[in-house]
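The same chain A turns up in both complexes below, where it pairs with chain B and then with chain C.
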Partner chain A sequence: MIQKPVLPKNWVAVGFSQDLEKGQINIVIIEELELVIWRDHKGQAHAWDNRCPHRGTRLSLGFVRGNQLACLYHGWQFGGDGQCVYTPSIPDSTPPKSLKAHTHRCVEFLGLIWVAPLDFEHKDIRGLESHVRDSMDFQPVRSMIIYCSAENIFNRLASIPFPPSRIMSRRLRSISNMRLIRETESVFLWEDDENRTLASYQFREIQPDFVEFNCESEGTADVLLFALQKIDSQKTALHLLLAPENWSSDPISLKLAYAQWSKKLRNQLEQVF
Partner chain B sequence: MTKTTDPVAINDWQVIGRIDDFLKGQPKQTRLLGQSLVAERHKNGDIKVHEISELGETLRSCPVQEKFGHVWTTLGKPKRELFDIPEFQQIDRKYVGCGGVMVKASALRVVENFLDIGHFPYVHTDFLGSEPLTEVKDYKAEIRIDVDEVWADDISFHQDKAMLSATGGKAVEYMYRVVSPFNTVLYKTCPEKPEEWDIIGLFAQPLEENLCRVYAFMLVFDSQNTETDLIHFQQMIFFQDIIILENQLPVGVPLYDGAERSIKADKTQLQFRKWLKQKGLQFGTDQET
Partner chain C sequence: MSSKPNTQKGLYLYDYILSGNCYKVRLFLSFLQLDHELIPIDFFPGFEHKQTEFLELNPLGQIPVLMDDGFVLPDAQAILVYLAAKYDSTEAWYPKDPKLQGRITQWLAFADSITGSCSAARLHDKLGFKLNIEQARKKGHQNLRLLDDHLVENKIVGKDWLVLNRPTIADIACFPYVALAEEGGISLNDYPAARSWINRFKKLPQFIVMPGIPPLHGMKNNEGKFFNQEGLCFS
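Presenting the complex of A and B:
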């Protein structure tokens, strides 16, 4: 018998806030559990099992009607707390309190939408907040699917690409002979032939699957956040945020440089050894 | 998957196609309850059906009968005759077979959806219902022990375009009859002959737990529309249902308590589920973990 999937007991980022507009409905998968993510017209985001408690219909087929989510099948309407407030087949009756969608905790932080099970004890995302340098101005770079398990992503960090060329000087870009050295478990260095450090990466796990990453070269330190969403044993979504030491006069091309760098990262992680 | 071990599904008659689907000298391969079959019409006109192995070797032969425009077989020893639909004898009715449509769903979900009135305004908007006339008034639903069928009647629902022959919206009467777990017919107000019922039926061929081929048919009084137009209308309605049917989780119908919530309007489905549970049917159901 197949075990039914359940949410892991921690906060999982499922996408960028900016990608879910008012009235919009998305599907996300966390460890094989399919969720519907939707934003009501007040601006509040919600994360529920993607099935109506009535006949199991994917709620993502439905419509946001005001601050309620309506199922496509029978028009049942659910409030933001998951409570069913209207069953059109018996229009004059008030649905019982027990008639609810399967809801989860859903908050927004650092421009990401985070989901955790209702019974997760660290229900305050600010527990996470104190571990992130909140004075920094993080902005979304991109979300992408990597065909690789989350565990393997960490195991393969030694194949991480050199910093994006956009942030490097012409001198650095011209150096061809360099070596990647894993200094400690969480520190990587690139050195030239004369053992001079050209760039360094330092990783810090804030919580499982949420990693801060300092990228330093030529005295400039950019901070990246890796929020990993395990989809299944072979697929992981990576949501990448950037806070550079300073948002230069051209922030878009800086983000683009990291966006392209992240594609190199994905290519390397997807190499089959 | 491999042939089911569910004795209830095995020891019953199941549809495997329309009579016209099997032509002389053209053996056809199909699936039933997780088992591969080959069916061939011989020179004398009889259809022979055999189970075949993964490698295509012929295994045991299966009983066959041709009835209600369709071909029926069984993988076991049915305890009872194939059900009857007496209206097939009424020669003034127009018989329209709509053909087989593959649906990535449990055949039981297809039957349940067929028994459902509450979805009309939402899935078949402006045809079988529309807001704000969404109320399903109280009706009767029961398991008829003497005939071992599920019946629902005294149903009335406002429909904008109940049949292709209907003109204008009105209250339409319905009766439902489930003749076996994967086969069902409904009776609804006949726009052309108010003293008669129009009949629409579904024969679902359960290929796998999560896959079926659904043969819809009509037995109607309609002197205005061509067979093609009638088929198109019925297919449009059914394709609207498929959007729902292929998006239900879990795929199987859960027969255990607490998995899905029902309301007063779901009486027929509750009787249907109770009946399936009494029979001990497993194929196409969701098992509790």
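Presenting the complex of A and C:
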């Protein structure tokens, strides 16, 4: 029997807030479940099953009308709580309470849109907040698709590329033989031929599929957040955030360096071993 | 051909409404606000572009073809360069700068690769053309990833478009078959930067739509006005 996919019981990041404008509608997939995410004109983001309760049309084909989502097929309109509020073919009637889109929890935090099932007990995203180091100024680097399962991403961390160092010192550049050593389950060290440490990586799981990554080299430390969105068994979206020790030096070059670094990471992770 | 221009004077486009390559030229003609006449070619099912009369205009048997006061020019990218050089006195769309022109031309060539992948997949799905669909979609995704990566990195350094912080003919050349990719079974879900770029396009003044490329219905333009079904703005 084919089972209907269900949302996992945790918060899943599905994209950056800045990539969903007022009135915009996107499709996102979490563990094979297709959702529509849309932003109403008040600015509130919503995440629902991508199926109209009327005849099953993809709601993502519809339009945002003010703070309602209108289905393309017969124009039924749904309010932010999923309740059908208008059926154009019977304009004067109040639609029964049973006509409701299948909604999920949807909140924004750290510049990301997060989704969780309605019956998820830790409904307050601030439960996450206390685990993310405060006073850090996280900014989006990018979202990217990696053709690799989330499990394999964690298994393949030993192939993570060397950090983009800001002041790529001559010393570092002249070293040809750097290697990544797994010190402990969550700590990796880059060492040169004489076993001197050039950089260190430390991972900390904040919740499933949401990992803090501490990247230290040449006396500076950058913190990255990896928010993983499992799409299916082959494909994962990575939403990458960055907070360097301080943003002031050259924020644009730094962000760009990490964006380019993330492409190398994707390359490595997609290589079939 | 339905109607051959009986005078050599004026600007004519041999056009097919469903062709993304013809649409790039229509879009640019609209941005430049140039008067022109469309000469419809029965691309499907008539295959008029493969008939003797049309082959005299373009021996490759492809649309679009532009005719400007009797000067016949095939190829969408060539037409974009020609129109910009001749009619865009602001030089905004194809700036007279060697490096920028080199960069733009790189994307014009890339646009043909998008035609060969995303457009091919669409011809397969929509018009039943026989071709290797898996390969077309795979190549389409490779192209979209490259484009999305580039847009991400450009955005970080403050550029909203492929070459500059304003659109050039590089963007016009690449836009149609990216925006139409879903019609060939190539989902844009995985390319948020490309999706935002498509939306930016739709907010440009004088933007026009084609079947398969709807306006930003339900969204607001840069002046805070809503778009209606025709892609026109109202308060």
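Points worth noting:
One rule holds for everything that comes next: the second predicted complex is superposed on the first by the 267 of 273 C-alpha atoms of A that agree within 3 Å, B and C clash if a C-alpha of one lies under 4 Å from a C-alpha of the other, contacts with A are read in each partner's own complex, and residues count from 1 in each chain.
What we mean here is this: a residue touches a chain if its C-beta (ideal position, glycine included) is under 8 Å from a C-beta of that chain, and two chains touch if they have at least 3 such contacts.
Not measured: the values here are computed from a predicted model.
In the superposition on chain A, A:Ile125 makes contact with neither chain B nor chain C.
With both structures placed on the common chain, the touch criterion links A:Gln24 to chain C but leaves chain B unconnected.
Shared-chain residue A:Ala237: touches chain C; no touch with chain B. Contact with neither chain B nor chain C is seen for A:Ile181 once the two complexes are overlaid on the shared chain. Of the two partner chains, chain B is the only one touched by A:His54; chain C is not.
For chain A in complex with chain B, the touching residues are 1-4, 34, 50-51, 53-58, 61, 72-75, 87-92, 95, 98-99. Across the complex, chain A is touched by residues 145, 148-149, 152-153, 156-158, 187, 189-190, 192-193, 195-196, 199, 216-220 of chain C. Here chain B touches chain A in the complex through residues 112, 117-119, 121-123, 131-132, 134-136, 243-244, 247-250, 254, 260-265, 287, 289, going by the rule given at the top. Partner chain C is touched in their complex by these residues of chain A: 15-16, 19, 21-29, 63-65, 70, 142-145, 237, 252, 255-256, 259-260, 263.
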